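Shared between the two complexes below is chain A, which has chain B as its partner in the first and chain C in the second.
And now, the complex of A and B:
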């Protein structure tokens, strides 16, 4: 995998279905300063990126499994790997469940949720089954395919947006902005997948730069979308919209294409990149951990992981459950994202100290 | 159609490698040295040719003072009989009176007469039975003499070849109108004429134990990547097959992924296109008997490129390129989108259009998916019928099928007008594609798209595209990513992908295709040797 591809993979993993709701979350406390909260919230994955990159530099010849077992011993290292894989599988389940409910709401109201979830899972399995390199390339390609869609946002800016809704800048107060920034930072979760993916990159010295560029590429459109939504609805009315991005498309009359919201949703219905990215990383790690042959057993491991994710995704009974579970699961991202690299850094320091003593 | 009177240049026999690969070994022919006696040679040869009544066995005598018995053996209709009479029989029978000739030469006689009497260009001496039998069936004229184990194998082929014409499937408004024909040597000469580079390597080999088809590998020595060349050669050598009737066999035997619907090698009938491919570092495979070339490696974007693109203005060429990509998308998607919109998301259709569509749909007794599928199958049948019928009749079938049957289907309430428009539009989009292969692929891919859209509406359609793109991204052609330069993105190569940028800016060869010499144009705008 090239450093550029890891950048696209970071981008693809961070941007999921939560993209549709981020303006509402960001404006809940920060009001008109929601766009500032988005930018501050993006600092969390940046910290995670730096921590993982610094960690990886210390073990350039190892992969995640080797590094874990080297630092914590075979048993404890394996347990940590399995826990991270389980965390990623829960992330896959969360993404499948949220996508399934959103697609059911907007595009397939008559199709049962289990069928939509299964469809998403099967496609994710197919994509992940092609291996990390193809997954990285798909992320890259989808980025370019989606790029024109982001420019659609410019249209409402020209027609119904009122920039005075953004004023006064900083008026909501530092505390409110900080509170929203924390909420938004949960949207930038899943960066911990880099613990596995980092070691697949050929030019490791370029990962930090590629990751930083990817984060900017996520944060800037998020900020833009949030600002436009605030300019269109105003911060207060924005709270009434479950999916403000779609609502914004609905509120503007586009020439020829009458229901831009639905078209956007159709295009976005393949954007469950976090699902296949995380599935690929967990499958790869488990295959390596169990010392199985990638060619022979990778697909089998993926199927088992996918089935587990599918079962987990079927736990929520309705969209409210999905939102509650996902919010709780969202809290695990900063914990794992910061906790894992810090723990490994600590272990590396202790091991390094031991080595020096020897 | 104009007939070519004669093969322009008789080629040397295919070069034999030092150690023959298994696939080049002769079937059931003992590889023994030929005897000196003419009668024994005939006895040895008889079992291998006696059941072939088209083989002519012509006895004659060389010289009169010291006559030497000889036999000419050849396949009737394959050799040039005028050349045989004038350049071989006449000098040997009439002028072979030289006192130094005939019996004095002993075993060296074949070489002597070939050097002094025969007025033909290409010959070789052989002394093995297996070579003798093989050369007879390769269409050589064989001269066997009494008193020498050496036999002369002379190449005076004459074939009735199709004239060089513009390829029907790759027509262009500008540029060369020449197309490859069925003769390997003529095809090589067409490439040579356009590429007078001494570094152009032409390697010939023979494939197919029974058909013994000549296959040529063409590449530029200091441009093509040696690993790619080696890989292609290895794959060709590993092919163990009794018959190679056409290049399609080779294409399928050397490809990376046999199970995919996508062609991994660009096939072209145009020599100018073939030359462009060689110049970009690709290896070209030409097969005797097939009027097209195969290039390796090939990329997805290549199937949307036509030689004419490089002869047109940049803006026009780029516009046409973009149109082709849109046409491919629409050819694959229009029917599926129609089903998804009508069945699942009718709100996407403007109100003014939705009402008439619904009214006509109401009169059709079938489900949308069935209606579209039936029309698709009808349309595919019409296209296939048009392909296999002679020119004018094919056009008539197209008109009858496309217009009259479509109108009749609407009148009979067998299909709605919108569905007929969708099916016709999809079919028309396939004809925009410059590669017949990609046109076929778009026709095949339509079916899974329709089924996905019929099951899950626009979501199924979008997911099927994701699967398709993933599949394409996972493909390789001789190890090179098939979707390059789109994925992995090679920014420099995007100049010649979805658009065709200014030729003056395309100073380097594509990085997507591994090559030794990356520079195509001098940086100061000066090209080639001054």
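And now, the complex of A and C:
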């Protein structure tokens, strides 16, 4: 795929159901400075991007599986690949579960969660089954389709927002901002998919720039929407709400269309990009690891991964469980996102040192 | 072949599940509700072994053309607000469409006891818009719903239009569920609600209810509603009549139609906070009885502006004194400016005794730009 497509994949992987919930997390400790916490939290994926890009530069002719086995040996390398794939499958499960519950709350309250999850899974499997290039193109297409939706914040900003809720800037204290920034950084997780996707890019020298642009394109809307939500509700009131973005749209009657929250949710129903992005990456990795033929076995591997994700997504019994498990799972993102590239860098350095000694 | 079969299966599943098999309902089986009223139950009673607490009354326009009644009013009681819907199953053959509700009325006793418990039911419902209008009533809200306006399709539409458009014709705020929720939950803020009453068979706005968070504590009449709205900085347009007297004699009488704005500056000296509120009124002169040609007596327009400014300043100062001495809550939404500067210090104490101790000064500036067709 091209560097531009990887940029859209980064954007698509980072912006899923998180988009609807981030203002609550960001304002929990940082209060009026939630928007600052979002900006600081966005530094984590940037660090992960740089680490992975620098790592990939050292092995331009390899892919992730080859690099893992080269650096750690066949068995340990394979274990690391499997662990990353499992981590991505859990990420898919998390996304499916959260999407299903939000869909159930706003659009389909009588439809069983398993049916909504199945629908999300089947669509994700179909998209992922088309291959990385098609997945990347779909990410690009969805980005342009969703772009007008970001202008929806203008109306609440003009009608019900109160700028005093954002003041005094920095008043919540560095400690509180840092704590919220850490919580927000978990929302910016899933960059670790680049460990696989980087090696699919033809012009690898452009990945850093494309990735940085994508991160800005993620961080700025997150920051703006967080700021507007704080201005509309105040930091205290945000803590009650599962999806503050939808609540913000629900709080004003838009001219002509009135219920923008429902329309937005209908449009957002196809925004489970992280699910098919991660499914594609894990499916590709497992196919390569098992030395299977892509044409014959990729779909089968995807089906197995997807089924595992679906079963995992059925574990939470209710939305409270979904939020709690989600928060726990979020902690694995910085561990894997930073841990993997750092570990690989260390291994590369050791290997490079050993070669020199020889 | 496998791909084609998979695709067909996916499409079939999507059509089956995504079209709302479980959720689909015929619109003909739905009751459209535009107006809801909530009261504290006065009669008592037990349901499922628990004391009945609330009465919920809804007004449904009758969509059947061949029935005598234009509306259907249904009242049920329940242990909780949402719990009362259980009783609707026994009296209403259709399913209530709550997403169409546009206004909620709360009875006087309900408002005094506190609206927070029932607000949870409203806010938790994802189908109910938070832009529904809110008002409180004199007496029981459920009794008001039985009034039928003679020249409107039904009371629901009448009240919706009454509340929605009042701020274009008078200095009176429009309060939605979102406004009430945010103002009752945020430190330093307290909501107000329009008060409705029945007068000679008509529903009218009679004043503004002052709330301490979610509990009604006092009220102002229509005369007090104007300075309260101006001090709150709610953007409205309205008519302000004036009478100019000089040495005990009436010199002029007329009306201006203006829109308002507000700026608040807050200063602090130790624990003493001083708020300087500047209210600006801009608009046009729409009548005055003195035949003076304003271009020949250029000071006359300034006199009108000064009179209107003085009148409004006096009203506002009276309201501020009442607020500090009687209401003892910030009903004019100025504490937020102090919080904007000293949030960490004031957050925990701003709702206790803060507004009573503050110095509040009001300055009104009036600018009449147009005088209509006459000069």
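The working rule: the second predicted complex is superposed on the first by the 358 of 358 C-alpha atoms of A that agree within 3 Å, B and C clash if a C-alpha of one lies under 4 Å from a C-alpha of the other, contacts with A are read in each partner's own complex, and residues count from 1 in each chain.
Assume a contact is a pair of C-beta atoms (placed from the backbone, for glycine too) under 8 Å apart; a residue touches a chain by one contact, two chains touch by 3 or more.
The model shown is predicted, which means the values in this text are computed figures rather than measured ones.
Chemist: Classify the contacts of A:150 with the two partner chains as first (chain B alone), second (chain C alone), both, or neither.
Modeler: Neither partner.
Chemist: Report for A:138: first if it touches chain B alone, second if chain C alone, otherwise both or neither.
Modeler: first
Chemist: One more residue to check, A:259. First (chain B), second (chain C), both or neither?
Modeler: In the superposition, A:259 touches chain B and chain C alike.
Chemist: Applying the touch criterion given at the start, work out whether A:328 contacts chain B, chain C, both or neither, answering first, second, both or neither.
Modeler: neither
Chemist: Could you let me know whether more residues of chain A are touched by chain B or by chain C?
Modeler: The partner with more contacted residues on chain A is C.
Chemist: Using the superposition on chain A described above, determine whether A:251 touches chain B (first), chain C (second), both, or neither.
Modeler: second
Chemist: Report for A:119: first if it touches chain B alone, second if chain C alone, otherwise both or neither.
Modeler: In the superposition, A:119 touches chain B and chain C alike.
Chemist: Between chain B and chain C, whom does A:108 touch in the aligned arrangement: first, second, both, or neither?
Modeler: A:108 sits against chain B and chain C alike.
Chemist: Going by the contact rule set out at the top, does A:5 touch chain B (first), chain C (second), both, or neither?
Modeler: first
Chemist: Can you pull the chain A residues that chain B and chain C both touch?
Modeler: 107-108, 111, 116, 119, 123, 126, 258-259
Chemist: Can you list the chain C residues touching chain A in their complex?
Modeler: 2-3, 6-7, 9-10, 13-14, 17-18, 20-23, 99, 123, 126, 129-131, 176, 178-179, 181-182, 185-187, 336-337, 339-344
Chemist: Considering the complex alone, what residue numbers of chain A touch chain B?
Modeler: Residues in contact with chain B: 2, 4-5, 103, 107-108, 111, 116, 119-120, 123, 126-127, 130-131, 134, 137-138, 140-141, 144, 258-259, 262-263, 266-267, 269-270.
Chemist: Which residues, counting only chain B, touch chain A once they are in their complex?
Modeler: These residues of chain B touch chain A: 344-345, 347-348, 350, 456-463, 465-467, 469-470, 473-474, 481, 483, 486-489.
Chemist: For the complex, give me every residue of chain A touching chain C.
Modeler: Interface residues on the chain A side: 31-32, 105-112, 115-116, 118-119, 122-123, 125-126, 129, 160, 162, 164-165, 167-168, 171-173, 232-234, 236-237, 240, 246-247, 250-253, 258-259, 299.
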